[in-house]
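Next up, some structures in structure tokens.
In what comes next, chain A is part of two complexes: it sits with chain B in the first one and with chain C in the second one.
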Partner chain A sequence: MTAELLIFYVLAASALVSALLVVSMKNLARALFLLFVTLFSVAGLFIFCLADFIALTQIMVYVGGVLVLMLFAFMLSNKELLNDLQKGLTGFFALPRWQALIITAGMGFILIHMAINMGSNLPKWVTEAAREGKIFTPTDHTEKHIGLQLMTRYLLPFELISLVLLMALMGAAHLTRKEPKP
Partner chain B sequence: MDDVAQTTEFGKVLLIGICGTLLVLFTLWLGKLIAPAKPSKEKLSTYECGEEPQGTAWIQFNARFYLIALVFLLFDVEMVFIFPWATVFGQPSLLAMDNRWGVFTLLEMFTFIGILLIGLVYVWKNGDLEWIKPKPQKPTVSVNIPASAYDKLNKEVHIVKSGGVL
Partner chain C sequence: MVLSAALFSIGLYGVLSRRNAVLILAGIELMINAAILNLVAFGKFDKVHDAGQVFALFAIVLAAAAVAVALAIILQVYKYYKTINPEDIRQLKD
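Showing the complex of A and B:
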């Protein structure tokens, strides 16, 4: 077994175990901190897929931003309110359990279906690119390609991103602002 | 990864991470090994600047934190888009191809950040970034004795038993 394979299995195992612990843990604060481990492991798995930019985004946005936001939301919330919410989740026939079961089963079906079917008959563009040697190797830097494409071919979408972000910022600020007292 | 020269950049990051973790664990283990452990109830309690800890650490935070975290998140996403730009901006090979490349990419990034700066101005102007300032209240007493009466009292010399002056 090579070192790469070993690292991959360690990352995959830590992602799976921590993700399972996140959903099964009773203490919300601990579950949130375990999510750090999950997201970091998934970022490592993205690097194995040669998706450097996605891995970077995962660490910057999800670990650095979204998780902090979730921790804030957790700390801002009332303890009694959270206890009440958790009471509704007990019992085998509770609605959230069935929703979770259906979503998980659906996602699992899609993944297994894709794994069985994609293995033998890959799309044409994939096989063609592989034959012509147009594939990424681990030493390639995908950020450079993305940067080049953003600055030339996808320049307008790139500038539109900032507009979308501006809208999101204004909307979020408007919604979270406290209503002025009448 | 048997050969160091074959390690990719991420491999190096991983190696640094592993070394860092091992070093921290080694230091913690060393501290546990040599430090005497005589725990008592006072030592194990949470340190709160000398005060006796009361209640849980889970208190409700000010909701203002949430909005600031949201604004931070938006600029975090913006930062992610700057990274791929930073790898190609000012690349010598691209500059050699067309010397307008540097100015062009710089202006595009200024537009990108400039649009988002409008958002910053918006939240700033709306006072979302302003902190709730404490308003210290000066205690007032509603008595009809003029201040000059107190001045006169303060100037008086009081003789106490031992003969000294207070």
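Showing the complex of A and C:
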């Protein structure tokens, strides 16, 4: 039990520290590579929640797809894209840094306060499920479960999401195409 | 849950304070990941319907699609304005 707890805290700490570094790093490439670390640790935390299929999907989609896409997008584009970020301290996203920090601290305080208070009075269905033993145990095979549910109960969202994915694919291809010479 | 809340706050800070559109996208990714972490953590208690894990899958796929479209838009905006600082982009018409 203590080894598990130790691994959990190590994963959580690496996720938090690398996420903090991602948002505070000046260098774009280093920040994106640190995002790798964050996403890997979050995938490890998914395994701790007994959702190994979700963890594998996270690694494949995020680390394999999204981050490679981001890296390619800025490596293939211009080199000035890196340079002109360093100067111009006045222009933030309409907010100076200390205001962003205040808003974030307030939001974080509310969320963490809620999360700590939630420990004593969990929702009713959670306590009921825990009492009736309807929770996942480490020996369960979640993949078969998920596949069955995806094809029966959640068929409509599944199809809708495939449609959205198709639309995103066509939209991205349309946006990035070269304009024909007039 | 505390961890997820902290991750969400860091992502929010990233969105609000960065002046690079790609890193703002990274902050949004962090916030989405925090939400997915909550879904999965409570999905542990839902063995009958598996709602938490299935909707975590949906959220991952939606985030990936959103990133693809957003990167395409950023590249186009960069080609037009020669900057990816959202503060400098003031006009919407061409």
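Brief remarks follow.
Throughout what follows, the second predicted complex is superposed on the first by the 160 of 182 C-alpha atoms of A that agree within 3 Å, B and C clash if a C-alpha of one lies under 4 Å from a C-alpha of the other, contacts with A are read in each partner's own complex, and residues count from 1 in each chain.
To be clear about the criterion, a residue touches a chain if its C-beta (ideal position, glycine included) is under 8 Å from a C-beta of that chain, and two chains touch if they have at least 3 such contacts.
Please read these numbers as outputs of a predicted model, since none were measured by experiment.
Bringing the complexes onto one copy of chain A puts chain B beside chain C with no clash. With both structures placed on the common chain, the touch criterion links A:P157 to chain C but leaves chain B unconnected. Applying the stated contact rule after C-alpha superposition, one finds that A:G64 touches chain B and leaves chain C untouched. Look at A:A73: by the touch rule set out above, it reaches both chain B and chain C.
By the touch criterion defined above, A:H141 lies against chain B but remains apart from chain C after alignment on the C-alpha atoms of chain A. When the two structures are aligned on the shared chain, A:A15 is found in touch with chain C, with no touch to chain B. Of the two partner chains placed around the shared chain by superposition, chain C is the only one that A:V23 touches, whereas chain B remains out of contact.
Ranking chain B and chain C by residues of chain A touched puts C first.
By the touch criterion stated above, A:A168 is placed in contact with chain B and with chain C alike. Shortest separation of chain B and chain C in the overlay equals 5 Å (C-alpha atoms, whole Å). Taken together, the two structures place residues 53, 57, 61, 65-66, 69, 73, 77-78, 146, 150, 158, 161, 165, 168-169, 172, 176 of chain A in contact with chain B in one case and with chain C in the other. In the complex of the two chains, the chain B residues touching chain A come out as 1-2, 8, 10, 14, 56, 58, 60-63, 65-67, 69-74, 76-81, 83-89, 91, 94, 104-105, 108, 111-113, 115-116, 118-119, 122-123, 126, 128. For chain A in complex with chain B, the residues that touch the partner chain are 2-4, 7, 29, 44, 47, 52-53, 55-57, 60-61, 64-66, 68-69, 72-73, 75-79, 138-139, 141, 143-144, 146-148, 150-151, 155, 158-159, 161-163, 165-166, 168-170, 172-173, 176-178. Within the complex formed with chain C, the residues of chain A that make contact are 12, 15-16, 19-20, 22-23, 28, 31-32, 35, 38-39, 42, 45-46, 49-51, 53-54, 57-58, 61-62, 65-66, 69-70, 73-74, 77-78, 80-81, 84-85, 88, 91-95, 97, 99-101, 103-105, 107-108, 111-112, 114-116, 118, 125-126, 129-130, 134-136, 140, 142, 145-146, 149-150, 153-154, 157-158, 161, 164-165, 168-169, 171-172, 175-176. Looking at the complex, you find that chain C touches chain A at residues 1-20, 22-27, 29-30, 33, 36-37, 40-50, 52-58, 60-69, 71-76, 78, 82-88.
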